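Each of the next two complexes has chain A plus one other chain: chain B in the first, chain C in the second.
Right after this comes the complex of A and B.
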């Protein structure tokens, strides 16, 4: 997979996005000033664990943050020149599902259990593309066939519960793609699926991208999926990007201790087996109680004293990655690991 | 209940090590009924003739996709799902068909760790009490020594003993899984059945729990039946692995042999479907794409259960049910060449 630059004319340019939530434990900064761009035909991976803010980022772009308790407190998201974050809800609704589509981990969150698939799929194209009932239905059947649903002309009149998990995911993807969006935001789209079905869905997304030039933001925790699908990757931790790199270099030459830790902690299918894994110690960050300085410091095997007082920002590394770390992981010593973190 | 044969004359002993667990031709069929009088219409054959052995100190991995019967197999071993055919032998005793009461002493030998550390712990009990319960149930340790034993177990699984009086909701997912493991250990079992023990955890936490399970195995000489859909995890932790499809084991082999030289077409497809975290390797890999989905275990079929999706199936595959054949490395496929 080749590197693409998103610089010439980005489809979407997000600048300094900040999202806060009001909780019992005070104000929590779920997304803390992230910036990224994505170009047409490109797949950008956003990788992180629970509480990293990767899903909140997606919801903020789509104007779907529950408000209150949530609030987008700063930032811009220029999509084809217009700022999504400053748009009226009505204007955003016109873009959502039309030029920007979303797919989620659980298809039932975006499928209405009381409506047939036909009713739901024709609604979008009638609304956004001005199709007649007949056109919309033909188009919907064609989309279902395209995502590999056999006997689509009959099955389209079924309800979501009559489809299996993998089939529902396909229905959702068909629905998301039925207006030929310029940007597809996929939030853990295959996490709930079996691997053979996952392989089919990922293959299908790649094919659609090749044919339509759709840009994809792939939000996932699965580094295998990232390796297969993404061109560039942003690694997220506690609401910030800690590393950005083209996919090959992220895996071959990670420069942030968290990225390194994630890669080392994976059991490998092609590995030697049965030796101990190098785990990252501690737990994912509690956003209500982040430490001063670098949020990863309590779990970081490289941490030095300065990490407790300085919050690192993304800076260029010698290999071209950008990483938010005061330390050079290629030369710095690692604190000896305890046997049982 | 069925009369369990006398353990004294058990026939389990092969030449060398007696298996701790032996599952022979296990079937778990759930009847499906319809109509006013609930006539049996058919059966969901969740487990349909599964056989394997687990030796003391060994980890046997069971992999497969949803609905393949791996969790039902686990539940049957614990007596939580009714075996409708076959035999389950644990530590020289036949345990299938035992009543709850008869099963109770055997529950000391085999314990279970569940996938969901959020719903498998009683939210109204403190951690200390959760871990102490099995000791009370099995009458282990003198009551005044139990607290000390709880503290020892907490330390063993990497929980801070100061958290003795905290409640499950105060812990993260990874810590709750450690509580579940400590509770299982409290019964001093020889075998732990782990059903997707790390799949609800974040990547960085998965590695911690996998390491813990492997350390405990070494220190305590435990055996595991390790069930997961993530094949990289299963490969890492298991000595031998069985691949399940539609209620049957289609291939069974030492972990390394299975991954280096998968012989059943389903195992080959399953392995090739997993994206590996290595972009360069990933771009070069050949994928065997399976079409369609796993048939429902209610569907009647003749011949090989995988034939409907198999990329290399021949006409004879639709007629003959292939048996699991081979010595160390067994595959249930008519088309597999002998190694």
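Right after this comes the complex of A and C.
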């Protein structure tokens, strides 16, 4: 399915990452022991609802979790052999924006309204690549042209509020890619944009990835984005990965009830499945008060008694997916379905 | 920009006129007059006094006479309590004293307030934050004269570092400037802290950190500008207030500033001086607010002047 990963050493290998937040309701385990790898040039999707811990995971890797209240309590993240979580803030700052870059969800608020685009773009290359002001400016203009901003030589001296949302996200992407990072972490980069703009931005990211060979971690709740861009997908629920699969197989043969629920809530054009869209019942769990056993149990139509006492871990499924579920969704009946109104 | 300035200047003129009219009506409706307290004044003498100050004319004539004098010659008339002085003289003598003191106090307040506010915000909930913010609360709560007494006891009598009072040398300005500036420093510290914390929680600060910028650069280049906006809007009225002096501080340190005139002109029914002080303060205040708006546009590119 995915030839790129596995053979050589991964670009980034995250092992048992655990992040906690101290809140008024006690300690919240926002990320609970997740592991994943990503190879050079690959696109890995991390999918989940708001609050499932997908953003926290990546902020933790970058050392951007506000501490306190947040804290990385355990885990390793080997990036080209070095542990991101164990290195000094100064060493991590050298990697941030340089080897690993990040783009964020809301382009309206992610750019500094007080500084010109030129000021914000040039400071990255001046800092990490030692460019002179002139070099940095030329490079920034070239980057803006590559992300499709017309008249970049003039517009670069404008302020963010003079750009539209889609244009601002292009600026963010140009800025993030200006040091040719090995890894780009994109945290819901298209969520705040119009659908037509979304497609353009994704298209552009794909093209830049092909040209630069940048690996991308795509954090999203939008399965359409996943299908378009990702090679492999990790589905996250309540701070854990509940299913990992190559993208085609995740859509064709999901093995976790949550993944199944996500897919059934999407309209399909290929005629497979029923025509009725079903929502996943209930609401995302309160991380401060997770139920015993499987965190998805209260919303799961397949739940059996054992789910309340045993916490499932990721295990290999017969089709090659890895899923954290005690039952086999292909054969088990939907127990709870009849109870629902 | 030019249009903006012209518009604002017209507004300042209208404001001054409104304030003039309101003050005139208020003063003429309050019982008593400048020469009420003089006993045994013969009717002839009294009439001469009234003539001298144009108080014998009907009210509407007084109003138009004063207004034309003001508009055509910037003439605020003769002071009624400080005889032989015009109001312009009184202001010209007192304002430099109050303003020098005010500038000293302002520099002190800004330096201390900005530094304390930044330290508090950057090391939030540290011992420094708690200590500085407690001090700031104290600075706001403590009246001028208490602080002045304490400072005089400590730095004049216990440790004779500064002269106790008077006007003429720089040392004489230090203690009054501290007393006058302390509450402003406290306000500025609190505004800076809140402003900086607010900005530091914004998405674009996360972006700046994700770019790998050093913490110092994130704060100074990305956060400070926005954090200063609330301080700037506070500074407009604060400067107008601080430059026109303080009755209490100028009394305690025997400074010949403007501060005392605000109160005394009113209690002595010195119509012309009271009017002069009110208009002078209004002019200063509206000018400062105009400067604040200009500063806002300069600090925040999203602000358009029109």
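Here is the rule we use: the second predicted complex is superposed on the first by the 317 of 341 C-alpha atoms of A that agree within 3 Å, B and C clash if a C-alpha of one lies under 4 Å from a C-alpha of the other, contacts with A are read in each partner's own complex, and residues count from 1 in each chain.
Definition applied: a contact is a pair of C-beta atoms (placed from the backbone, for glycine too) under 8 Å apart; a residue touches a chain by one contact, two chains touch by 3 or more.
For clarity, every value in this text was computed on a predicted model and none was experimentally measured.
J.: In the superposed model, does chain B or chain C contact more residues of chain A?
T.: Of chain B and chain C, the partner in contact with more residues of chain A is B.
J.: Identify the partner contact of A:41: answer first if only chain B is touched, second if only chain C is, both if each is, neither if none is.
T.: In the superposition, A:41 contacts neither chain B nor chain C.
J.: So, does A:278 touch the first partner chain B, the second partner chain C, both, or neither?
T.: The answer is first: A:278 touches chain B but not chain C.
J.: Check whether A:114 is in contact with chain B, with chain C, with both or with neither, and answer first, second, both or neither.
T.: second
J.: Now for A:200: first (chain B), second (chain C), both, or neither, which partner does it touch?
T.: A:200 sits against chain B, while chain C stays out of touch.
J.: Scan A:247 for contacts with chain B and chain C and give back first, second, both or neither.
T.: A:247 contacts chain B only, not chain C.
J.: Should A:33 be classified as contacting the first partner (chain B), the second (chain C), both, or neither?
T.: neither
J.: When the two structures are overlaid on chain A, which partner does A:291 contact: first (chain B), second (chain C), both, or neither?
T.: neither
J.: Using the touch definition from the top, say if A:94 reaches chain B (first), chain C (second), both or neither.
T.: In the superposition, A:94 touches chain C alone.
J.: Can A:213 be said to touch chain B (first), chain C (second), both, or neither?
T.: Neither partner.
J.: Same chain A residues contacting chain B and chain C, which ones?
T.: Comparing the two interfaces on chain A, one with chain B and one with chain C, no residues are shared.
J.: Per the contact definition, I'd like the list of chain A residues that touch chain B in the complex.
T.: Chain A reaches chain B through residues 1, 49-50, 148, 150, 164-167, 194-200, 202-203, 221-229, 247-248, 251-252, 261-263, 265-271, 273-274, 276-281, 283-284, 299, 339-341.
J.: Please give the residue numbers of chain A that touch chain C in the complex, ascending.
T.: 62, 64, 93-98, 101-102, 104, 106, 109-116, 123-124, 127-128, 159, 161, 172, 175
J.: Spell out the part of chain C that touches chain A in their complex, as residue ranges.
T.: Checking each residue of chain C against chain A gives 202-204, 206-214, 217, 221-222, 225-226, 299-302.
J.: For the complex, give me every residue of chain B touching chain A.
T.: Answer in residue numbers: 65-66, 158, 172-175, 202-208, 210-212, 214-215, 229, 231-233, 235-237, 255-256, 259, 269-283, 287, 289-294.
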